[in-house]
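A short write-up of the structure that comes next.
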Amino acid sequence: MEKIKVGIIGATGYAGAELVRLLASHPVAEVVAVSSVSYEGQKFSDVYPHFIGINDTVLQSADEVIEKSEVIFASLPHGLSEPLAEQCIAKGKLLIDLGADFRMYSAEAYAKWYKREYSHPELHKLAVYSLPELYRDKTVGAKIIGNPGCYPTSISLGCAPALRHGLVETDGVIIDSKSGVTGAGRGLSQTTHYPDNNEAFSAYKAGEHRHTPEIEQVLSDIAGQDMTVTFVPHLLPVNRGIESTVYLKLKDGVTEDEVRCAYEKAYSKEKFVRVLPKGSYANIKNVRCTNYCDISLHFDMRARRLIVCAVIDNMVKGAAGQAIQNMNLYFGLPEDTGLCMVAPAF
Amino acid sequence: MEKIKVGIIGATGYAGAELVRLLASHPVAEVVAVSSVSYEGQKFSDVYPHFIGINDTVLQSADEVIEKSEVIFASLPHGLSEPLAEQCIAKGKLLIDLGADFRMYSAEAYAKWYKREYSHPELHKLAVYSLPELYRDKTVGAKIIGNPGCYPTSISLGCAPALRHGLVETDGVIIDSKSGVTGAGRGLSQTTHYPDNNEAFSAYKAGEHRHTPEIEQVLSDIAGQDMTVTFVPHLLPVNRGIESTVYLKLKDGVTEDEVRCAYEKAYSKEKFVRVLPKGSYANIKNVRCTNYCDISLHFDMRARRLIVCAVIDNMVKGAAGQAIQNMNLYFGLPEDTGLCMVAPAF
Amino acid sequence: MEKIKVGIIGATGYAGAELVRLLASHPVAEVVAVSSVSYEGQKFSDVYPHFIGINDTVLQSADEVIEKSEVIFASLPHGLSEPLAEQCIAKGKLLIDLGADFRMYSAEAYAKWYKREYSHPELHKLAVYSLPELYRDKTVGAKIIGNPGCYPTSISLGCAPALRHGLVETDGVIIDSKSGVTGAGRGLSQTTHYPDNNEAFSAYKAGEHRHTPEIEQVLSDIAGQDMTVTFVPHLLPVNRGIESTVYLKLKDGVTEDEVRCAYEKAYSKEKFVRVLPKGSYANIKNVRCTNYCDISLHFDMRARRLIVCAVIDNMVKGAAGQAIQNMNLYFGLPEDTGLCMVAPAF
Amino acid sequence: MEKIKVGIIGATGYAGAELVRLLASHPVAEVVAVSSVSYEGQKFSDVYPHFIGINDTVLQSADEVIEKSEVIFASLPHGLSEPLAEQCIAKGKLLIDLGADFRMYSAEAYAKWYKREYSHPELHKLAVYSLPELYRDKTVGAKIIGNPGCYPTSISLGCAPALRHGLVETDGVIIDSKSGVTGAGRGLSQTTHYPDNNEAFSAYKAGEHRHTPEIEQVLSDIAGQDMTVTFVPHLLPVNRGIESTVYLKLKDGVTEDEVRCAYEKAYSKEKFVRVLPKGSYANIKNVRCTNYCDISLHFDMRARRLIVCAVIDNMVKGAAGQAIQNMNLYFGLPEDTGLCMVAPAF
């Protein structure tokens, strides 16, 4: 079988480099070209010495990457993927976008939260938002795949069964998320300077993070009605991992068993979603470097709250791994092709 | 001026050792005796070599400590402080208890959450729960001071102004807290084994942590009505620090300015509580090794939520520092005596 | 092709669990049984929840493991592998021992450093010490494979070319090594309690670590003459990784180019040893979760010193990965079978 | 007593900010002005929010700082302190320089290692290099105090007694040091970006670090003969702390007791140097946030090596704390004035 030719635009960012890393062991796909604006002309392994002897390709331009590849993964700041998408479609190539440009159904929501209008509104009709466990059916046949954000992935998977089955109220949802520092990217900032971030912890962008409309879009979609949530992210002094603790109000009469049962059923056939046994707590270490989303369910019956803890590796299920899962899905491969990693939990 | 003679029972636990550390630079108090069941007869600096040349005292029995001291700090597992309190009272000495035995107003609540009845119910009439910023007036004259728990300290200070002034609803309060590992104590466990806890993060005891009734007691007290809260603690891979993110529903018509104003006014004269300027986020690093509680206020007006972030050092304002503040208060000293530390924020 | 049936004795220790993890993606071998004295009868995934859905096997006895397997990996405290080896040989099965019992050529050296005599001296004639890059030829045909220690692996690979070609003096060798905490195992101790080890750093067992005789054995072997080295290990507050900085005296007249050339040549065909380009420094993050040993060469020509920095992942090339490499070698498979991981360097 | 008026130039770098922190609790000195090129006109607490309510001074120009102060601490990149020194001397004010400009006796060594000639050679006659425990006598009466570098402080104190008493050879000295990340300063770099530095470890500038000539200057001075050392620093994933492991050859006939005795005697009256009891290892956590230097002595008698482990907090004894110690010394105050901190070791 000839391998799928993959190109990566923005390969020297963390998500791009993680794609290169994961695809290195994909049995059916092969990275044939990588690009980087900042490092064009240098070897990929000059930027990331852990790739010495593994990927010593020279970084090229985005145009060259599109030319050489069947599937293009783009991992770029928002606003840069729309023009790329136009190019890809013109050349009949699939774009899997890890950025924010193709995640929103609503141009208004995008404009409001990203402070920018779509430059190519017509393209968005050709795009799907693809979180496989929830939107699998829509993905095949798309021209552009909008890969979900990291926070929304953990939250959507964590809430879907409860919302779909009407076990919880749709109002008053509180989401307290914590992300490892790779989520902030490879770019330098005082906040992510080692001594300023080590042994530190705080919230940021409380109630105003750009993933909020994406979270609300998915949850509303599942619940079948408009939802407004309160979302507060925090920066965790670890490299990888997102933990989202979601607080949901149980509807009257709903029991713990009913909820647990709905979750187990919803995900019983999902390779990448594990509903943990009663008493266990989802921990980022158990999904590190994997495409798993672990979910644990807890109940505060005094306040009739369902508390969902959902964890992912923000770089894998929250970015590169899920993008590969989407590629697998698109090409009719088993979704876990090249993604059967076990967490190095210690 | 003769120094206050201080004894510490349970000096080799983390809170006990932190008391020894902080009291080493107290100008008016002096540690005259320390005890430890596990290390009796050894030098304190054998257990904690950072004290070599600073405190090489030999660890004694609890009886000897009580004998030699005017003020006894006890830092023990729950259930062990009641008999000690009896001894102290018999000898006319002040007990400041860092454990849980003298925190609850209600014997029922204690029995329910700690699975144990009070052994000396009569003693509790002589005890006060003393979180100075909230209960200052009651402390002087007490025979036993119940020093607050770490989580409750951050949460109570973070919620008091909003509740006192009726700016928020008393129902539906969600508290998502994160604590550094010293909070779990010096005792060994798999969870706190370095490779199992490093680069890890998860919730624990969701909805069932023993600090819950203490939190509800204080918040109800302030609000003037019974409150039930949902409290979920998480273990943070840092040594010190608690961050509590509290989600409160704003009452109709209440504005951001009103809330901010209430907090600034409430704490304008408090040395140890800093209400941060708009746009700042409370970060555990800024209170590390200090007795400060930093509070930042955030508003999600789409959902009409007040989001309070409150941070403390769990070992200082959450334990030893607050205990010393209570001692200062009791003896009529300025509350910050010996507690004017600046955080080593990097 | 039928898969090689592998059993793991001591599967719940870190090295054992790492074997289970790595073998989960081995294309030609399969773990058919695992044992643990402490957790017999429980599921492996109860002890290590990151294996839920991946390996839910019930832990058995060592006897059962030997019965069911062709190859037995043992990861046990020293002294326990000799009786196992006897059993394996009696049943015609290969033992790959990750412990210390089959590493030493000299019964005297073993007795001196491990304070214990061999219980089955005759078995040692059937055993080889197998660090593949250095002793590949001896491995095939052995009945017992002694898998090298973690420190010795980094140091031997780091020194071999210089010693083999007589570029450095054999006396006055100084080895300053630093190891991540998984090297201390899964057992609890105050030193590895999170708050005691986080933000901490110190040497330990200076000049008296049990890996010393193994290091000297290999270096002497390569140099062709008896060597005595000074070896000081340190505990590094990270989970994984060993960095060894080795200080060697350049012989008169030897140039930097000559040394660099010898290293590049020595390892040019070795998949798992990377000699880094001039100016780079070997960093544990670049080999994390991989079987690589990265080596960087530095020269202090004022003092005529060759400074070698060699890094490995102590759990992989320093334990489980190298054991699998040995198994591959033994069975005539490409040595990198199942071992082509790329480091999650961030 | 009127307080000593202190000014800090470069107050927003880590060493400058640490000076502000430590001086906040100095009983006899008071920070009256602070400057920063990057943040002039802003409040110090805007840059470092842990100072809110503690130091809200507005950052001024260097000129203003010199004008208002009796003692000026400068913490600047090399080359910038010479012109400042000229100004200070002209105005009769003491300069304590935490940079590299006034550390070297030899203009040639400075030029060679710092790639820059002295701009004001005449000033250097008025300057002393002041590591109090070794050069106390020279400090009083100086016009400019060159505060030692962090690595040299740990190494000099660690080697002095052995060299002074001729217990070890002066050749073949190997120094393997490890420093926390604050040593690299507050400026951003890829190396100190959190995800690139966390769980990472490597050497850097092996044999070519700029502290080498300073180390050799002090050791030669003490030994009474020219010494060349091999010095390899490493970057440690912690905020604070330097550990130096120094390998020295024992002279023939010298015993362990003799060495231990020399160290204990040398430092018996030194408040800030602790020679640890036999069997203990110097650990950075035990000196964190303090002005201590802990030294442990180890012997590899098979190779006749003395192994010295010396630890300091690079920000305190390695920078700001020692600078204050120098100020105390200069003004005839007890050297530990304002410096009696106990390490928050957990």
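Here the chain labels run A, B, C and D in written order, and each chain numbers its own residues starting at 1.
By our rule, contacts are C-beta pairs under 8 Å (C-beta built on N, C-alpha and C of every residue); 3 or more make two chains touch, one makes a residue touch a chain.
All of these numbers come straight from a predicted model, not from anything done at the bench.
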Between C-D and B-C, the pair with more C-beta contacts: C-D
Furthest chain, CA centroid comparison against subunit D: A
Euclidean distance of C-alpha centroids - subunit A vs subunit C, Å: 36
Centroid distance [mean C-alpha coordinates] between subunit C and subunit B, Å: 46
Distance between the centres, which are taken as Cα means, of subunit D and subunit C, whole angstrom: 39
Numbers and ranges of subunit C residues touching at least 2 other chains: 14, 182, 186, 195, 199, 237-240, 283, 285, 288, 346
Interface residues, subunit B side, partner subunit C - complex: 14, 180-182, 186, 188-190, 192-195, 197-199, 237-239
In the complex with subunit D, residue positions of subunit B that touch it: 14, 17-18, 21, 24-25, 48-54, 182, 186, 199, 239-240, 274, 276, 280, 283, 285-290, 294, 315, 340-346
Complex contact set, residues of subunit B against subunit A: 172, 174, 176, 178, 195-196, 199-204, 206-208, 228-230, 232, 234, 236-241, 243, 245, 247, 249, 281-285, 288, 296, 298-303, 305, 307, 309, 311, 346
